[in-house]
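Several structures are given next for inspection.
Look for chain A in each of the two complexes below; its partner is chain B in the first and chain C in the second.
On to the complex of A and B.
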């Protein structure tokens, strides 16, 4: 058995106005990966390819050891998939959906489903068309969680939810992860959600993976240095610094591979270091995307 | 042992479309009941509404059962289940055709009962009636094929428009090219002439070809959502 729940190697897919370029991605079993990218970055296309819903033009995709899309049926028995554009049948009740899933999956945990109904404040007798957006998302996730799948693939599940509903879902996701060996790929534009639950972060932009590593490593390596640059002093180009924005005497340097000697190097060049700040995941995401786009232009 | 997901999907479709099926059967049977009144006007009205009920369902069922799956965004839910796009297509085709065939056979049986047992029309009308009964079945197959392969409301509506206007063309071609039909449909004896048999064979061939082509095109799809 492979150590990876998801493996994508050199995956390409071309559309008329969009191209997914040589995607390489690995999700270790038992970890949560947050896939972050702006609108149109390729998150959903990547997820559809790994679910076998879209066939890649080139490259290899393995999910839970199954080659996709050829072995998608075998893989899907153990994958729980939900996306923000997924809807349930309006004219049928939550209970009907529960029974439908129960009739398909032998791994269905009825006790857990009842518990989730209570926790999410859902009524099994209620028709889907009578539910709010938040309740519909919760109902869809209930159907995924109660199957006890080995791999959860969630494509922007918290989009459009109020903070309370988001918190409830993230809390449940964390508790689901308490079970050993379960893996999660979680795509979102909301970096706060991803930061809260992920072990690994992958940034995707314009059809390319621009960075992928452990969350703690990210947060540790990225720093913002606030500098004062006296007249006549030119800031040196230092390794690990990906950009400097200067307005008059004040400058901000962004480091993606921060080393403790960096502030000293700026001090030695004649600048004054006012502060070395940690960056939030959102700030890292924006800086990373901008840097990647500049690199592509150059 | 793993569950038969295709069977579950087909049962789900039957559950979702049962109102349409029951409504069509009731409408068709009611139209036949009008024939019992007797006289030329009730016969014309009953016959027209009998066919209209099937033509209506032939257009509505593929749109509701196939196109709505994508339009109402429930396709992602279905495709998250352990099923491939080819198996999904096969399940959709079998459930949709099965539903229409069920109501078609019930209405055919009801129609035959009315002619053979209640004698509301002469028995000589049965061969022509069989040919006409296949019109909505062929139309249904063409709309279903378009709906499943294109999965677009626009293409589905276009297919509906073409099919619905072709019924009159079919009727016209039948009368102008097979004049022997009009000579025998008023009699008490069913005449299965070579022309009638040939038309029925062609009709069934078109049905089988359309369904086969649908399965083939569906299995070649690369992008499903």
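On to the complex of A and C.
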């Protein structure tokens, strides 16, 4: 047994218009990782590769100790996977699907399934074709959650859900952590969700991993400094600062490797530091993507 | 009930720390009392374990809580803790005010005068009949 539920090393995959470049990723057992990035960044491709649904051109993928895609059959008993394109049988009921899963998976927890039915406001008698998009998503997640798999891999689990449903899903995801040793990897466009429930954050843009680390450390590295710059003073270029915007005497500096001495450095240059602010993941997301694209251009 | 607010600009771990301190300050969590484990509180609030862990570590460093190996987490047995927390809170507000004043170049004397004026205003307001 390794300490990692997921391990990717040097994983590459080329398509005609898109390339996944040397992806390295580690998900520690017992933790939740949020995968974020703009549309088309490579989140779903990465997830598909680690599920063995897409085969990498190069590189090593291990999920729950199994080499993927070769050993995916063995691995999948312990992985719960849900994505947008998961198909349920339209003409059959939610209850039929529950019984079907129950007959396949020994780990199925029927009590939990019934609880989730209630919590998600679903009716076992109802046919899939009569469900709204949100209800379908919840039904699909129920079928995965009630298996109590060691690893949950969820591609955009909260997209298209109303705020109450989103909350329910996030609650269920965090409640997974009550049992030691279970792990979650999920992708999301909702940075708030990722910020709230992830232990680890992985940031993908244009087929590359830009950052992958402990969420608290990650959020802590970013700061917004509000500065007043008197006439005749030029702001110095300081390490750890990725961008400065100035209009008139007011400037905003964004730091992605903040150190406590940074405000002093600005003060010493003649500027005044009005505020040092934490940034939300949403703000970091935008600043990070803009910054990494500027670097590519330069 | 812990509430993590998105309109609160502070990081989540600070919000959790503050709400834990509040429980102690109002007496809901008594000195020496056992409190939920990191994992349990994370599940209860619906936030990541790592965020709650950070809040616990900081509170431990401040002497507000203690972790006993294999026994769990407890409120510090310091009986003055509740008043100490309130005192700390006031100190933080004052420091913030003084910082703003210094930034604007307000002299200590002037600041003192203004604080006194606000104090009188506030206590007057409280005396007024409803």
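Observations
The working rule: the second predicted complex is superposed on the first by the 298 of 298 C-alpha atoms of A that agree within 3 Å, B and C clash if a C-alpha of one lies under 4 Å from a C-alpha of the other, contacts with A are read in each partner's own complex, and residues count from 1 in each chain.
Following the convention adopted for this analysis, a residue touches a chain if its C-beta (ideal position, glycine included) is under 8 Å from a C-beta of that chain, and two chains touch if they have at least 3 such contacts.
Since this is a predicted model, take the numbers as computed values, not measurements.
Once the two complexes are overlaid on the shared chain, A:55 sits against chain B while remaining clear of chain C. Once the two complexes are laid over each other on the shared chain, residue contacts for A:93 go to neither chain B nor chain C. Of the two partner chains placed by superposition, only chain B is touched by A:103; chain C is not.
Look at A:72: by the touch rule set out above, it reaches chain B but stays clear of chain C. Of the two partner chains, chain B is the only one touched by A:82; chain C is not.
Residues of chain A that lie in the contact sets of both chain B and chain C are absent, per the superposition on chain A. Those residues of chain A lying in contact with chain C across their complex are 31-32, 167, 170-171, 174-175, 177-178, 180, 192, 195-200, 214-216, 219-220, 272, 274, 277-278. Interface of chain C with chain A (complex): residues 4, 6, 9-13, 39-40, 42-43, 46-51, 54, 103. Across the interface of their complex, chain A is touched by residues 2-3, 5, 8, 12, 15-16, 72-74, 76-77, 79-85, 87, 222-225 of chain B. Contact residues of chain A toward chain B in the complex are 48, 51-55, 69, 72-74, 76-77, 79-83, 85-92, 100, 103-106, 140, 144.
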